[in-house]
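In what comes next, subunit A is part of two complexes: it sits with subunit B in the first one and with subunit C in the second one.
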Partner chain A sequence: MSTTLTNIHSRTTLPASLIVAATEIGGAILLGAFLLAESTPLVVALLAVMGALFAAMQYRPQIEEVIVAAFHDARGLATALAVAIVLIYPFFLGGNTYALHLLIVSLLYSVLALALNFQLGSANIPNFATGATYGIGAYTSALLAIHLGWSFWATLPAAAIVATVFGFLLGIPSMRTRDSYLALVTIAFGIVIHQMLNNLSWTGGPNGLVGIPAPSLLGHSFMRPIELFGFRLPSQANFYYLSAALLGLAILSAKRLHESRVGLAWNAIRADELAAKCQGINVVWYKILAFGVDAFLAAFAGTIYAFYISYISPDNFTFLVSVTIMTMVIVGGMDNTLGVILGAFLLTMLPEKLRVFSDYRLLFVSVVVILFLILRPKGLFPQRQRHYGGQR
Partner chain B sequence: MESLILQHLLNWLVLGSIYALVALGFSLLFGLLNVIHFSHGDVSMIAPFVALGSLQAIFGITGGAMGVLPILAALAIAILVTGLIGIGADKLVISRFRRSPAMMALVATVALGTVIRELIRGFYPQGSNPKAFPAIAQGFLEIGPLRLPAQPVLIVGTTVLVVALMYGLMQKTPIGTRIRAVAEDAATARLMGITPSRIFAFTFFLASAAGALGALFFASHAGVVRFDFGVQLGLIGFSAAVIGGLGSMTGAILGALAIAGIESIVQANIADGASYRLVFAFLLVILMLCLRPSGLLGKPVFEKV
Partner chain C sequence: MTTPLLKLSGLGIRFGGLVALDAVDLTVAPSTITCIIGPNGAGKSTLFNLITGIYRPTSGTVALQGDPITGLPAHRIAARGIARTFQSSRLFEDLSILDNVIIGMHGRTRTDVLTALLRPAKSRRELEACAAEAETILRGISDELFARRYQPAGILPQADRRRLEIARALASHPKLILLDEPSSGMDDRDTAALMADIRRVMADNPGLSFLIIEHDMRLVAELPDNVVVIDYGKKIAEGDFATVRQLPRVQQAYLGQKAVEHA
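Let's look at the complex of A and B:
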């Protein structure tokens, strides 16, 4: 009752568009400051600010409610502003290629985390093989480009199809196994793929594949810097826009799937598999579909990664990579798109920004993950109730 | 020819023993808490480092020949310390996820595993380099016409003894009865005057000590130990426990022997087999789970409505 009152109250005091604009611009500035922060005290101070924001949300859940309501009321503005911010963002980084690189990797990991979220978040299927499907995508496109001279744009769908086939194959054991047993099947699949990549001669063995040609679009090579209106963006900006477009696609498909019967079926399976079966939901098909969708999106991310770095090796796709992606989903908040993306950004940037701890940063990040799980067990942004019929 | 077969057989049993000791921990803890302690391999892998450290600190031995007594003492210290660290891991991290969904505990223990690995890497002297680990026993044993290397025989023999003791403990002693009671139903066990928290602590000690023994055998069998060996050992131990049927001790041992078996066969018969042994081991895991979804000896799950 009290939350409803504050809701109504705050809705009348501040216009939704203002809240939306403030949140998005504030978030962008915070992210930019974090990306460009060089000195340790500044990084720590920014982390403290973020910590304070989440502490505020922990003790005053209404804040989150108000923001969510505002975003619902001013959806058009929110989307337009977000797209605008993403488009002009590289101009504010002042040609800092390292910051752009971090952004690209964060964007790709966000896509991977969203891909996994279809399974782990929506349908509660543990999958420890996202790193492997990511790798299958990367290797497929790299091999096609190196040996057959395919262009980036042709390898993109090809890699997605190959990875999806593997995804469906991996989904087949899920017809019979569940929980820990299914988790082990996916772990085993991931290790088999990693070991094969490591040992086969045509995948380059432990040395991986080198010399993946840079993509080009309408005659513009992605190796070259972007020059626009007298501004000059480093060549990484090409891949920044590409990854941002992919994340946009991933968010859109996540939203559309969540609102469709497929998403509803996945949520039903998560809530109670047996009850879902009794409702006439084809549980087996929807589970396998979740594996397919995960692999499809992961392969896109893998392809962009391969062409961006132009070098891939089995070490990019280990079991621990899959675990990292899973950690991003759980720390961010299962089945919450924004939370998952935030988790991916945080867990990608934190180790990079904590280089002062040099040897101990992985230790520090793991401790932070454990603390997060204990203190905010539902993730940074918890899963939200479904709403029907025009309400938010 | 005969000696070659014998060698492969012995290799299989040694690997099987090591995996079984680790798998038993997974099985015990899953049976009791329904939790997958993913850092079990990493906790176990602390033991070789404790052993090396105590050899240096207490006996001043850094390599070369050493007496039986220092080795035994170092092994005992390592097992004890690792068991206590197991209890600590539960108290600090795992116990906080008793009521959470299984996935949370799983991710938390994976992160805990990283913490342990990084602690060893960062704080053990030159922790990122591989460390030579001494053989527990040297020389050969003459049994009738057979001439067997002493260390494998010692490893297999000790494992058989330890496993027998653990069966005895679980089935014949009051503490074993209590463990089984808590595994069955913690709330009812509490009504019978059993303190579940103590049982949890004891089981964590037991599981970690068994894993420690496995890791010590692993290190001295390989002759070397590195901070990240626990990942693979843990994954194989977990796989063994799962294909045997989580929660079943006999299943864990059978699973360990199956995985060790396929590794030995691949290594012996396929060119380049050493690099493909993990591929075959984990293909076996997938196949087994497709055929028997709840493991060899696991109870099939009947869903209640």
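Let's look at the complex of A and C:
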């Protein structure tokens, strides 16, 4: 009864396109307000608004259903509008470079969280080494650029390939273990990589690598501001668009893998390994594959980070980074692309916005995270069932 | 007789000093139902685990249509055409009923990571075709399962869980289906429905055979062409149920030495 009512509601009284537009523009405005909020009371108020929205969705599941249905009905509009919003977003930040910086870091962490989601979310592999593969990507591209003079665009695929090899190298021995023991192996791998970066001379030791040259595209250096139609965007905008493009690529990959035989096989392994084996799934190979895909995407994020900051050191790629990425996936919602991205944005921006609490800010971040998890126990946006044949 | 569908010769496994299964010979012909009975702990489930590659046998061989499959990994054996269900049903609880059946087709489909990423149309076509076939299979098994196909498998009651497991097994187009105590936790009505399901599935799939571990004697009396009795890891009898049940060593295995003497 209630589903028929909501269907009628979404199809007749409110057109899908209107719901899509309102959701996307509303989300963009909320994000913008959060990015630009200076005073703590305003930040807390915005968090309360978010909390209220999620509480509404928790207690009135139809709201989520109506929105999901609308996005399905008006897919074309949803994608076009999202791309348009991403393109014009920097113009609304009023040249606020700090807000732009936060956005870039959030976008890169979204990519990392989506990379980990292939393992943790899809296949339930607790990999604590995403920070390490991120670092391998960053160091590979930085070394190639500094010592061999490779351009940014050439280092991107090279770093991804090197990191994927490392991903397989970690994946193969990990297959002899499972669950908590597997987690321990990945933690050890992460620490080994961190120690190597710290102690080898050719990685610059604890001082890291300095002077990574800025990329350029068609003669436009990424150091220079973007000037367009009389508007002037700070130089960070270059990296904003680059990171957004990478996130777009990551979303597309996540969607395609999720909606294929591969994603189903990963989900089967997550639910029951033995039963998966008996359906003809090569469990070991699919798990190693998840390590490879995770490393491949993480390396892209690492490369962009290295060229954006132009300085990297081992401290950027610690065990703590891996734990943060894992928290993003869990808080956002395992195996739900939108949820994972939201988790990444929330956990990147919260510590920055709660700086007023200085030494206690991580405590407050944890409190907010726990409150959100109490409100939405399965993550902000939990996984959804697949549908076939054009059905929702 | 033509080549047997499944042939076990001297199959055995020992765990350290314990001989769990000792030199079992068994032949399953196409289009037949074989029931395996025996007291708890006799080694029936171990036999299933050996056939499906969960365990590696320490002696003997397994052949499917004459091809040796001894010691192959479980996923390879599944792809060769042996599907199974488990004693405590193992569904993919958080996935939809339809996805459970589609995953059963994994061994027959080919999309890999690169195809999924670079040729999404091909990958989607393959999955849509699987979904359409899975719907047909579900509708053949039970209208109710079909109607609930987008709900998670975890919410199903026991009888429907067995049905879904059988549907998932059928999805791989197997030559042989192994059912491990399919009627456990079912009442008489459900068991009767289960037997009807198995007969219908056999009629729809010529050549398909069943190997069933069962405790429910009503089912064992009615359904199989052949009954195999296992006790203490050894095959102690084989034949049709009426003959097998009269054998003293079978009665002894079930009821104990004393009870047989007093009878």
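One rule holds for everything that comes next: the second predicted complex is superposed on the first by the 376 of 392 C-alpha atoms of A that agree within 3 Å, B and C clash if a C-alpha of one lies under 4 Å from a C-alpha of the other, contacts with A are read in each partner's own complex, and residues count from 1 in each chain.
The rule we apply is simple: contacts are C-beta pairs under 8 Å (C-beta built on N, C-alpha and C of every residue); 3 or more make two chains touch, one makes a residue touch a chain.
As the structure is a prediction and not an experimental result, all values here were calculated from the model.
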Practice task
Would you sort A:Ile191 into first (subunit B), second (subunit C), both or neither based on which partner it touches?
Solution key: first
Practice task
Return first, second, both or neither, reflecting whether A:Asn282 touches subunit B, subunit C, both chains, or no partner chain.
Solution key: second
Practice task
Could you tell me if A:Leu274 is touching subunit B, subunit C, both of them or neither one (first, second, both, neither)?
Solution key: both
Practice task
Quick one: classify A:Ser253 as touching subunit B (first), subunit C (second), both or neither.
Solution key: second
Exercise for the section: Pick one for A:Ile104: touches subunit B only (first), subunit C only (second), both, or neither. Expected result: neither
Exercise for the section: Report for A:Ala265: first if it touches subunit B alone, second if subunit C alone, otherwise both or neither. Expected result: second
Problem - Which superposed partner A:Val293 touches (first subunit B, second subunit C, both, neither) - result: second
Handout entry: Common interface residues of subunit A - those touching subunit B in one complex and subunit C in the other
Key = 274
Exercise for the section: Show which residues of subunit A lie in contact with subunit B when the two form their complex. Expected result: 120, 124, 126, 172-173, 176-181, 183-185, 187-189, 191-192, 195-196, 198-199, 274, 319-320, 323, 326-327, 330, 359-360, 362-363, 366-367, 369-370, 373-374, 377
Handout entry: Complex interface listing, subunit C residues touching subunit A
Key = 52, 54, 73-76, 78-79, 83-84, 86, 90-96, 98-99, 102-104, 106-107, 109-113, 115-117, 120, 123-124, 126-128, 130-132, 150-152, 168, 172
Problem - Of all residues in subunit A, those that touch subunit C in their complex - result: 253, 256-257, 259-265, 267-268, 270-272, 274-283, 289, 293, 383, 385-389
Completion exercise
The subunit B residues in contact with subunit A across the complex are 30, 36, 93, 96-97, 100, 102-104, 106-108, 110-112, 114-115, 118-119, 121-122, 231, 235, 238-239, 242, 246, 272, 275-276, 278-279, 282-283, 285-286, 289-290, 293-295, 301, 303, 305
